[in-house]
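Below: the structure, in C-alpha cells.
Chain lettering (A, B, C and D) follows the sequence in which the chains are written, and residue indices restart at 1 in each chain.
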Amino acid sequence: MDELRRRAKELLEASSVKVVIGYENGTDGKTRALFIENPADAGKLVFDSRCIMNLAAYITKHEVKSKGKMAIAATLPVMRAIVQLASEFQVNDNNLLVLGITPESKMIEFKDLTEVETFVHQYQIEIDSRNKEMLDRIEKMTPSERWDFWIQELTPCFKCYACRAACPMCYCHRCTVEFNQPQWIPVPSSELGNLEWHIMRAIHLAGRCVDCDACYNACPLAIPLNLLTKRMLLDAREHFGGYQPSLKAEHLMSTYKPDDKENFIM
Amino acid sequence: MADFEPKIVAFVCNWCTYAGADLTGTSRIKYASNVRIVRFPCTGRIDYMLLMKSFDEGADGIIVSGCHPNDCHYTSGNFHARRRWIMVRSLCDFIGIDIRRIKFSWVSAAEGAKWADIVNTTVSEIRELGPYNDYKKVAKRPLKEVSHG
Amino acid sequence: MNIDGRLVRKESLEKLFKILKANNRTIVGPSQKNGRISYKMVENYEGITSEYIQTTQSPKEVAFPRTEKILDYSKNADGMTVKGINADDIPDIVLWGVRPCDTMGMGELSAIFNWDYRDEIYNSRSSRVTVLGFSCGKSDEYCFCTSVGGNPGNIEGSDILFTQLGENGDYLAEIITEKGSQVVSLASDLFEKAENIVKGKFLADVPVRFEKEQVRQNLEKYFDSEQWVAQSLKCLGCGACAYVCPTCACFDIQDEAHGKSGSRVRCWDSCGFSLFTLHTSGHNPREVQSQRWRQRIMHKFSYMPDRLSVYGCTGCGRCSRACPADMNILDHLISIQEVTV
Amino acid sequence: MTDNIYMPYQMKVEKITWEAPGVKTFMLKFINEDDQNKFSFSAGQFGEYSVYGTGESTFCIASSPTRKGYIECTFRQTGKVTNALSNCEEGSIIGFRGPYGNVFPIDEWKGKNLLFIAGGIALPPMRCVIWNALDLRENFKDVTIIYGARTVKDLVYKHELEDWKRRGDVKLITTVDPGGESPDWKGEIGFVPTIVEKVVPSSANTIAIVCGPPVMIKYTFPVLTKLGFADENIFTTLENRMKCGFGKCGRCNVGKVYVCKDGPVFTLAQLNELPDEY
C-alpha cells in the first residue's frame, strides 16, 4: 500500500496532521496498530487482509486524541465506526482525517466526514454466513436450551473486559461496571455476573454496533459474544427497519416513532 | 404446581398505573397479593437491569406497566420505553430468559379493573409455570471455587 | 543432586491417568474450547489436549482462583456469625500437563502470598496440588523463559517432570519431590528403569533474548522516560495480560450479600484498569494508560526483584499471545535493555 | 483454617458522634474479650473497617494507643462502605482488621517541640498522635497545633479543640478558609499555609507533622522548609487506595514503596525520593 505510505509521509511533513494511525507488522505474522508522528516512520505502514483490528477504538483515547489532528487508515468497518463516533460528537472534521481503504483495497482520501458517510451508505451491514448459521442454530433451540447454551459459553469469561476495550463504541471514561453505588454488575466473575455483564454490553451497543467483530477477535477465550450484538442488529432491522451509522439521522435507542409496532404489550 | 405462591415484582409508572392500582383498591376490587409494586416516575425510567436484579433476588415473574401512548406525563417516556422493551425482550429471549414471565402492559389511572385483571392473570400463569428454576439453579450454584467446571 | 529418572512408555500416560482417576484424584489438565486451551477438571484422558506450545490460560487457578470465598457471614438476632474457610473443603488436585515456565510461576506466586503476612488460604490450596510437569519440545517467538532464569526442562516447581524423548517417543520421568514419589507408588510398574538418558537433546531451543539484570538496572532510572507513552499507545487497557499471566497475583476484595447472609470474595484484578488505583475523591495516581503499563513492567522487573528477590515473570509469553493489541512484552523489554540512560 | 488474615475482629459500635456534616466518629469495642486484651497498636497505624455485605474501607485509628479498651475512627460519608457505615447505629456490629502500616516514631521525639498542622478531615490521623503526646506531656517541650477547615462547622472534634485551648501547655490556633467564618468566630481566618507563615513557629529542635488535602500539603511544605525545618523532621501520611492492607493486593504502591507496609507515615525526605505517582 505505497500510496498510503506516501500520503502519510506528506501529511506529516506538511504537519496537517500530528499522528497517522495505521497498521504495522506485529508478532507471529499478525498486524497491529501503529502511531506515526515522524514522517520517516511512514515506511512501516502495511495494509493487507490481515488488518482486521478496528483502529477507531484509538481515536477516542486521551493519549492519542491529545496529540492533535489524527489521520487514520480506515477499512469499511473502521469507517462505519468513525461515522457513528462522529454522530456521537466524539470526533469531527477538525480532529480527524480519514484515509479510506475500500473493500477492493483502493485508497480514497475523504475531504470530510460527510463524504465518508456517503461512501459507507453504499454498503449494507451484512452478517457473514458462519455467524448467521450460528444465530439460526441458537434460534431453533428451546428457551432453556438457549439458557444452558449461554450459561455454558459465558461461564469461562474472566471479566478482563477486552471486549469492551477493543470496541470503538465503548469509549465511556467510566463504564457502568466501574460504579459501585449501585453495583449493578458484580465485580467477581461468576455465572450470573458474567451473563449480566454481557447483556448490559449488548444493550448499550443496541443501535450503535457496526458489526466489526472487534469484540470477538479481542476475547482471549474466543467466546462468541458478538452473536449478542448481531442479534440486536437483526432485531433493529426487523422492528425498526435497521440502521446505518449516519451523521444526521437520529439514534435508534434515543428516539422513537409514535407507531413503533409490538405485539406483547397488553 | 397448584400450591406454589409465585413472587411477582411490578415496576409501574407513578402517574397512570400506580394511580390505577390505587383506584383498584379504592373501588374494593380484589387482586392477588403476590405482587410487590415498585413505583417509578415513568416507564422510561424502568431500567432493564432491574429485571435481572429481580430474578437474581428470587422473583418468579415481572410486570412492567405504564401510561398508554400519548398519555405519558412526560410526553415521550412510554414511547422510549416501548422501543427499549422491544429490543430488551428479544435479547432476553435470545439469551434464554423465560419471557413468558415478563409481562408488559399499558394501564391508565382509570383502568383499576384492568390492573386487577392483569395481576390475577399473571399470577395464575406464573403459578402454572412454577418457580423460575432455571435462574435460581444458576444463582444458587455454589460460587465456582476452582473454576475448572 | 541426583534426580531419580525413570522411563515411562508413551502409552503408559493414559494408564497413569486412569490409575489416578481410580484413586479418585481430581485431575485438572489442559482442555480445548473454542480453539483456546485452559486448565479444566478433566474426567477422561481424551479430554486432555496435548498438541500445544503453551495454553491460553495459566494453571494459577488451582491455587489462586479467579473468584474465591474468603469468609461467610450471617446476621442473626443476637449479632453476627462470621466463618472463615474450612481447609478440608479444598480438594486434592493433580495438575496434569504444565510447562516448566508455569511450575516456576508457582514459586513467584507463593513468594507474594508468603511475604511478611502468610496467606493461609493460598497455602492450603497450593499445598494440595501435585504438579505433573511436561518439558517443552518446541517453542515459538513468544517464549523467553531462558531470559528470566528458566529453561524448557526446568524441574523447579514440578513434582514429576516428563520429558518426551523425540517426536512421539517415550518419556523420561524425573521424580523430584515426595509428592512425586507418592504418585509413582500408585503406579510403580509404569515407571521403568532408565539408563543415562541425556535430557538436553530433546528440549526446545529458546535463545536468551535479554539480560534481566541489565533491564532491572535500566528500570531504576527509566521511570520518567516518555518511552512508556510511545510503547503503550496501542494498549487498550483491558485485563487480559494480567489474567492469563501465571505470576500476576493482584486481587480485589468484594462482598456479595443475599438478604441476611453473604460472603466476602477475593477475585482477580489488573493494574491495567483505571479503577485499580482510583480514590473515592476522584483523584487517580495512575490517570492514563502509560502509567499503568509502566506499573506492570516495573512491578515484575524492578519492584518484585528488589522486595522479594524473585522476578515477576517466567517468560511464558502468554500476555503477548492473548493481547488484543499485540503489546509484545518481549520487544519492550529488549528496547528497555538497550536504552543507555 | 487457623489464622485467616482476612478475618476481621468483630467490633461493637459503642458511641457515634457527629463531627461535621457527613463526618462521624465511631467508638468501637471488641466483642471478644481476649481480642481486646491482646490488641495493641501505635500512633499512625490504620485498619480496614468492614460492613458485612458492603465491603471494607481504610481509615487510620483516630484514638491514642495510650487509651486502652477501645478504638475510634472518623470518616466522611463519600463511598459505598462509608455510606453503609453512616447507616450503622450504636450497638451495630462491624468488622475491623488491623493494625497495619508503620508508625510515628514518638519515642525519638522526646525532648523536642512538636508542631502539628492539620487540614479538614485529616485531623483524625493527627489526633491519635496529639493525644498520645499529650498523655505523655512531660516528654516534650512545647506543643503547637495549627488546624484549619473550610468552614466553622467543618471543624472536627470541636469539644476536644476546646479542651486543648483550655490547657496551658498547648498552643492551639484554629483557622477557617476565607469566607468560611461564622459571625462569632474568634479564631484565625485564612488558609493553613498562610496561617503557618503568620504564626512563624520556630524550627529549632522541632518536629513538624502535617496532614491534609493534597493542595494544602503542596503549599505547606515550602513554608516549613523556608522556616528552616529539615526534610527528615517533617512527617506526613500518604493516602492511597487499599484493599488488603498487608502488601499483597498490589495497588497501593508508589514506585517501589508499598504505602500499606512502608507507610502510611513518611518523612518529607522519603517523599522526595518517591517518583511522582501519588
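Throughout what follows, a contact is a pair of C-beta atoms (placed from the backbone, for glycine too) under 8 Å apart; a residue touches a chain by one contact, two chains touch by 3 or more.
Bear in mind the structure is a predicted one, so any value in this text is a computation, not a measurement.
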item	value
Between A-D and A-B, the pair joined by more C-beta contacts	A-B
Furthest chain, CA centroid comparison against chain B	D
Distance between chain centroids, defined by C-alpha means - chain A, chain B (Å)	33
Separation of mean Cα positions, chain D and chain A [Å, integer]	48
Whole-Å gap between the CA centroids of chain B and chain C	46
Multi-partner residues of chain B (at least 2 other chains)	143-144, 147, 149
Residue list for chain A, restricted to those that touch at least two other chains	156, 158, 189-190
Contacts with 2+ other chains: residues of chain C	66-67, 252, 254, 256, 265
Residues of chain A that touch chain B when the two form their complex	138-139, 141, 143-151, 155-156, 158, 184, 189-192, 195-196, 199-200, 202-203, 206-207, 228, 231-232, 235-236, 239-240, 252-256, 258, 260, 262, 264-266
Chain D residues touching chain A - in the complex, by the definition given at the top	55, 79-80, 83
Residue ranges of chain C touching chain A (in the complex, touch as defined)	33-36, 38, 56-57, 66-67, 140-142, 229-230, 232-234, 236-240, 242-244, 252, 254, 256, 265, 267-268, 270, 273-275, 288-290, 320, 322, 324-326, 328, 331
Contact set on chain B toward chain A in their complex	48-49, 52-53, 56, 69-70, 76, 79-80, 82-99, 103-106, 118, 134, 138-139, 141, 143-144, 147, 149
Touching residues (chain side chain C, partner chain D) in the complex	70-71, 73, 75, 79-80, 82, 84-87, 112-113, 115-121, 124, 223-224, 249-255, 257, 262, 264, 266, 269, 271, 276-281, 283, 285-286, 291, 295, 298-299, 302-303, 306-307
